[in-house]
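Here the chain labels run A, B and C in written order, and each chain numbers its own residues starting at 1.
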Amino acid sequence: MSRADATQATGLGAWAHAIRRDRKALSGAIILAVFALVGIAGPWFAGDPSALVGVPLQPPSGAHWLGTNGQGQDVLAQLIAGTRVSLAVGFGVGLAVVLLGALVGVTAGYFGDRVDALLSVFSNVFLVLPGLPLAIVIAAYLPSGPFTVALVLTLTGWAWNARVLRAQTLALRRRDFVAAAVVAGESEWRLLLVEIVPNMLSVLVAQVIGSTVYAIGAQVGLEFLGLGDVARVTWGTMLYWAQNDAALLTGSWWTFVPPGLCVALVGFALTMLNSGFDEITNPRLQLERVWRAFLERRGVPAGRSTPVVREP
Amino acid sequence: MSAPLLSVRDLCVDYVTENGPVRAVDTVDLDLSPGEILGIAGESGCGKSTLAQALLRTLPPPAVIARGRVTFEGRDVLAMSEPELRGMRWRRMSMVFQSAMDALNPVTTIGEQLADTILAHEPVSGTEARRRAGALLERVGIPAERLGSYAHQLSGGMRQRVGIALALALEPALVILDEPTTALDVIVEREILAHIRTLQRTLGFAVIYITHDLARMLQFSDRVAIFYAARLVEVGPAATIATAPRHPYTRGLLRAFPRVHAEAGAAESIPGTPPSLRTPPPGCRFHPRCPIAVEACRRERPALLEVGPGHLAACPVAR
Amino acid sequence: MHYLLRRLGFYLLAAWAALTINFFLPRLMPGDPASTLFARFKGKLDPAAIEALRATFGLTDAPLWRQYLTSLGHVLQGDLGVSIAYFPSPVAEVIGTGLGWTLFLAGSAVIVSFAIGTLLGVVAAWWRRGWADSWLPSTLIFVGAFPYFWLAMAALYVLGFTLGWFPLGHAYSDDAVPGWTWAFTADVLRHAALPMTTIVLVTLGGWLLTMRNTMISLLGSDYVNLARAKGLPSAQVALRYAARNALLPSVTGFGMALGFVLGGSLLTEIVFSYPGQGYLLVQAVRAQDYPLMQGIFLVITLAVLGTNWLVDLIYLWLDPRTRDAGS
């Protein structure tokens, strides 16, 4: 329900509004900006992540802020190098999954009838098949590398988006302005691209953000299993090597804590951004927020019964 | 006049919005005697339903009560604590909601919903509560076997009857009917109103009946209050309002809803639309649509003045 | 019951889809599937194993549709082929050794997490802006953002390795005698505690948010308003009216999240060397044991579909409207 309501705030302006107004959204955006900066500019400043710089499994020190890994490579340099690939795959898959989901979901919702029935069953089947085992099986047959990981995660991850976007399209079709356009004799495709899709823009952005969280987590999982290219430095392969080099048994926590923390921070930032956006655009939550602020100014507690605020 | 059951003075209810509060009930005065039926009429969005829920203090956010006094059975409702309100609600003052489909819990039986009401207020056993729930259903004309039914298994009329049974469960002194028949067809509507009337005569509770259908209300009520844009514009005995309305808005309403037995004459709606409560017009809020408005109407808010025995109107121009 | 049959039909369709994916995957590889696949194993496997692999995938000279039917027939008879990593054990037998452990670990973790998360969601929604609503969602979202296996590693490192409070892995101690005894049960629970806790922690936030958001929107509904106006005690309004209805979307979500959670719990098993499907999966990936991988995918799929059907049953029991629409 809150999703359907969110369409009222259309376009990207709503996002800017959310970031300005909501503490959660703002903190998410800041964390994300820092990671994006590191992903883009970091590799120019950090050293070569594959260079063997010292004794393996050294704890953090002045020379190596995050220590060295089992091969004697600098963990910080690896972390920075891994940021770029991990984020690129994450956002790439997030985008691809929403595009594929939109293609299926919007088509189903818009054309209805048999097209809808067929596509809905198709996406529901994909929704119910366990994603990770399926991704593993497909990835195992393909040459390993970030591209394979991205492809596999896109193939297994689009169904949820299709389902939500189908419902969105159905709701939009029933709205007055779309009905008016139908009466005015606009062509189907124009209607779809001009009236429907732009009105879902803010929801699409929310979906890209949510799907990116999924993609980063699943990517790290696949790579941890050894299904990535283990010679390439990403957060996932760092964790793979940490496990392989028995990080736990040797007590070298610095080899697995940093990449996991980065994954969590990015996921947290993205989710905060989304939930802050929901908080701002959900009309019910917004009304309540204004009401609470008003009561607070008047010094009246917000109880369960209608409060009595004596005018000054 | 005997001691009023309910007395509302100077009541203001606001909806808090981002651009400041919007007044949905503006300085309303009302009295209600025990056993009396008071009708409140007005176009949708004029604040009449807000007033009803404010009396029970169950208006959800973003509503606040900004001013006034509500005295019910000698007690100040606006000063009540949460437990006091819980004690008053339903036991002394209950309500029938507009849409019974939405007002009934879809996943529990209507029997459970009747019984939990009784159990919440009276120290009776579960068996006794269920027996009484069955008796209540039969009182509104539904066989007691339907206690195990869910809301979606009943017809619209039956659901509304369940709503009435719920409202009568604790034999309150006041029952508020908030457009209880809008979702029903005319025959069922008439049947249900007649039923309420019979119950009201035997049980003696007072009624506040809220509707936008003035004609129906005039038949049903003892006294009538007309709402326009959050304000009361006319109050009086139903017979007086029916035959000699004073306020131009009431006259317009009467013309817009010709009674079934009225002599020929097409329905004639009031020109224009009701104002937004966000930006109400100054002075008398009806002046932009009023056929007899004078210059003063644009500037000053007309007071609600006595124009006959028990008859008040907020129009200094009309004769 | 019409509704349950329809759902069953859908799950059969999904199972068929999984079987079909399994059949076509080896054949979709570039070039001639048989030779590509076998070239990869040349020199690594003895000819008997290669012959078994060929038989497993039904890669014969017969036309494709006949290969397809043969392969479906094998699966229906419970024949999933022969494992390469555990040659010459049949895949079905290998999977059978770990299935109970996976279902036990993931199943109990999912139920515990759903119960606690949903309850916390009710608390957060009912006491809006209270302590539970102010910091619980953010904290649990943060915890939930960690990869399952990373949280498992951290927990194992701190609580198992450094502090020594929990065993470092496996489902029970080496010297324990399996059986329905108190001692063995306690041993199993002690070993399951840490992996289960990590799965619960990662998934808790999702259930909390789902329940909280639905319940907040239901708090504005007419029937909750009426319940309040009836003067019912707060707890009754919150639980019997708001939460009872808000539970329905959560239960639907439960069915859909199941596959996802199960995937995560496989990764957790790996860290704890828990002898379930996750452990087998990692062995299969290392040995490029395609039959075992596909077998695990199939079995996990069937488990998810079966559980989904159970969830449908529960939903039916919770929602009288679906009950009536179905009959």
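We take it that contacts are C-beta pairs under 8 Å (C-beta built on N, C-alpha and C of every residue); 3 or more make two chains touch, one makes a residue touch a chain.
None of the values given here were measured: they were computed from a predicted structure.
Of all chains in the assembly, those touching chain A and also chain B are C. Central chain (C-alpha centroid nearest the global protein C-alpha centroid): A.
Distances between chain centres, each the mean of the C-alpha atoms, put B farthest from chain A.
Here A-C and B-C are compared, and the pair linked by more C-beta contacts is A-C.
Here the spacing of chain A and chain B, counted between their Cα centres, is 49 Å. Each chain gets one centre point, the mean of its Cα atoms, and the points for chain A and chain C are 22 Å apart. Between chain B and chain C the centroid-to-centroid distance comes to 53 Å (mean Cα coordinates, whole Å).
The multi-chain contact residues of chain A, meaning those touching 2 or more other chains, are 288, 292, 302, 304.
Residue positions 220, 228 of chain C each touch two or more of the other chains. Contacts with at least two other chains are made by residues 53, 58, 85 of chain B. Residues of chain A touching chain B in their complex: 286-288, 290-292, 294-295, 300, 302-311. Here chain C touches chain A in the complex through residues 10-11, 13-14, 17-18, 21-22, 25-26, 28-29, 128-129, 137-138, 141-142, 144-151, 153-154, 156-157, 161-162, 209, 213, 216-217, 220, 228, 234, 255-256, 258-260, 262-264, 266-267, 270-271, 281-282, 285-286, 288, 290, 293-294, 296-297, 300-301, 304-305, 308, going by the rule given at the top. Across the complex, chain C is touched by residues 53, 56, 58, 60, 85-91, 94-95, 97, 99, 102-108, 116-117, 120-121, 150, 152-153, 166 of chain B.
Listed in rising order, the residues of chain B touching chain A in the complex are 12-14, 16-18, 21, 53-54, 57-59, 61-67, 78-79, 82, 85. Those residues of chain C that touch chain B in the shared complex are 219-223, 225-233, 236, 240-241, 244-245, 248, 318-321, 324.
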